[in-house]
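These are the structures in question, set out in turn.
Look for chain A in each of the two complexes below; its partner is chain B in the first and chain C in the second.
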Partner chain A sequence: MVKVYSINDCPWCEKVKKYLKSKNVEFEEHNIEENDVDRDACYELTGDTMVPITTVNDKDYVLSFDKARLDEMLGL
Partner chain B sequence: MEKKRIHKDIVIIGAGMAGLTAALYAGRMNLDVLVLENGIVGGQIANAAGIENYPGFAKVSGKELMGTLQQQAESFGAVIDEFDSIVKVTLKGQPKLVETEEHIYEADAVIIASGMNRRKLPLPEEKRFAGKGVHYCELCDGHMYQDKVIAVMGGGNAAVDAANFLSKYASKLYLIHRSDFRADEVSQKRLKENPKAEIFLQTEIKSLQGEGRLESIEVLDKVSGKLRSLPVDGIFVNIGVVPNTELYKEELPLTPAGRVEAGEDCRTAIPGVFAAGDVREKEIRQLTTAAADGTAAALLAEKYLVKIKEGNPVW
Partner chain C sequence: MGIYDFVVKTNKGVEKSLADYKGKVLVIVNTASKCGFTPQFKELQDLYMKYKGQGLEILGFPCNQFAEQEPGSNSEVQEFCRLNYGVTFQIFEKGDVRGETAQPLFKYLIEQQGFKGFDASHPIAAKLTEALQQNFPEYLEGDSIKWNFTKFLVDRDGKVVARFEPTFAPAEMAAEIEKLL
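Let's look at the complex of A and B:
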């Protein structure tokens, strides 16, 4: 399952989510401002809490909106 | 695979205040209008936590203001594409060609409203700390500094408003600016009264230090000539903007600062090409003047389209 780590007010998070929707990619949203478990998971994955982070397997991830890298990771 | 060619009456490059206003006006004139945006729909101002100088709104967030404007433009038929990036534009002749990753748009008129990007911190170690203590978006990255020490670089309205916004996270907040305040009195007063804020004017940042992440900055007091080290966890850079005109520099006359030369009517040196908003050379760059530019560009583009149809495209 694709996961997107995000926060409440974050234009780039919105852009990533809109892009995934436009490509019919199902994803889970994990708000690291509202959930400490998600915050810890994001930190464990990336060593930081910058968002948005998109991951497909809790190992590979893409920071921010990087269309080329998202397409590659998600096979779009 | 060959890219699909699509005709548009007007292609607007950029979906900030100027671009979306132009889209709204063009849409209401029943024109076939496409807005292309490589970054965030709403532009830089979409990141503003609170706007208090847009007429008719006591206080509104950038997200709300620009979100409403986007809906307004779309409700009149404007199409906004924020995922298909522009790779090349050819502005001379008719039609204008705007090539994206997926399409080639043939436009009778082009409105360049590509705005500005924040100026990067001009220090060699900036790249090493980008995202690891050096940031350019308060709204996106401020949350990383809960109960931490933050410094904001800059002295204009954007910097001071950023500092006021970030103080909700910070345990301590420095505002550092190389000259005197340029921000308006209201924003300055708010920051000066903020108990977390300490203001260093006439102070220049000289270097960044840290192992992996930013840990401190070295600043120079330009009056006393003294260097000092300030322990900080993160800095937010707001030291001005650079115009987004890389795509047009071969065809359009630009100022030394890189802005497009065009008058109040937004007409550039190339017939059928308009420049609107912060990307246009002008003395005052505000949301209101960007909206005015978008209005003028769309209305005059429509007149140009009529002239083209009449076979008399005077400029």
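Let's look at the complex of A and C:
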């Protein structure tokens, strides 16, 4: 399952989610501002607390709304 | 009414009395609420790390009454956000800082330290004044908060001793802070 790590009031997070929806990619949203477990998982994955982070396998991830890299990772 | 009589809410919705900060030197700042290019967050965090052991606390109050950015930033887009803006000092609930709807704390702060103008020689001052004249002319009137990153310095006795406009870089506040520590 594709995961998107986000925070509140984050325009780039909204863009990523909207884009994934437009491409019919199913994803789970994990808000790291509201959930400390998600925050720690995001930190473990990326070594920082920057969002949006999109990951397919909890190993490879894309930071920010980077369409080209998202397409590549998701095989779009 | 003094600074320690105010009760505010943290970004997690928990009530916090400013009396908890008695005896500390405080920097109270209204911050941008969105994720833009904001070096003032970085400079504030640097001040916090440097002086927190000596009794400095920084209290950040996000507000979306201004555009998303700090003054002077324009095309330098950062396309991501950081949890808590990448800072470890306390961030409070988003709220208004100017006008009728301003949080009581900010009404108090501007009464204690009014607006004394931007440093006209600062390159950002001209840009900020121009942007305000164009978009929010009424913001230029009176002692109100003019833009994101207006910084109030409070001494260990709770007295609001200085106000630094958005055009004043946090790093340059170090000397004033050191005097109070």
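Just so we're on the same page, the second predicted complex is superposed on the first by the 76 of 76 C-alpha atoms of A that agree within 3 Å, B and C clash if a C-alpha of one lies under 4 Å from a C-alpha of the other, contacts with A are read in each partner's own complex, and residues count from 1 in each chain.
Rule of thumb we're sticking to: a residue touches a chain if its C-beta (ideal position, glycine included) is under 8 Å from a C-beta of that chain, and two chains touch if they have at least 3 such contacts.
Since the structure is predicted, the reported quantities are computational estimates derived from the model, not experimental observations.
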Clash or fit (per the criteria above) of chain B with chain C on chain A: clash
Which superposed partner A:Val51 touches (first chain B, second chain C, both, neither): both
Chain B versus chain C as contact partner of A:Val62, first or second or both or neither: neither
Which of chain B and chain C A:Ala41 touches, first, second, both or neither: neither
First, second, both or neither for A:Ser22, with chain B first and chain C second: first
When the two complexes are fitted on chain A, the stretch of chain B hitting chain C, from 185-193, 257-265, 275-283 or 293-301: 185-193
Common interface positions of chain A, toward chain B and toward chain C: 7, 9-13, 32-33, 48-51, 63
Contacting residues of chain A [partner chain C, same complex]: 7, 9-13, 32-33, 39, 48-52, 63-66
Touching residues on chain A, where the partner in the complex is chain B: 7, 9-13, 15, 18-19, 22, 32-33, 48-51, 63, 67
Chain C residues within the chain A interface of the complex: 11, 33-35, 79-84, 86, 94
List of chain B residues in touch with chain A within their complex: 40-42, 46-47, 63, 82-83, 85, 131-132, 137, 139-141, 143-144
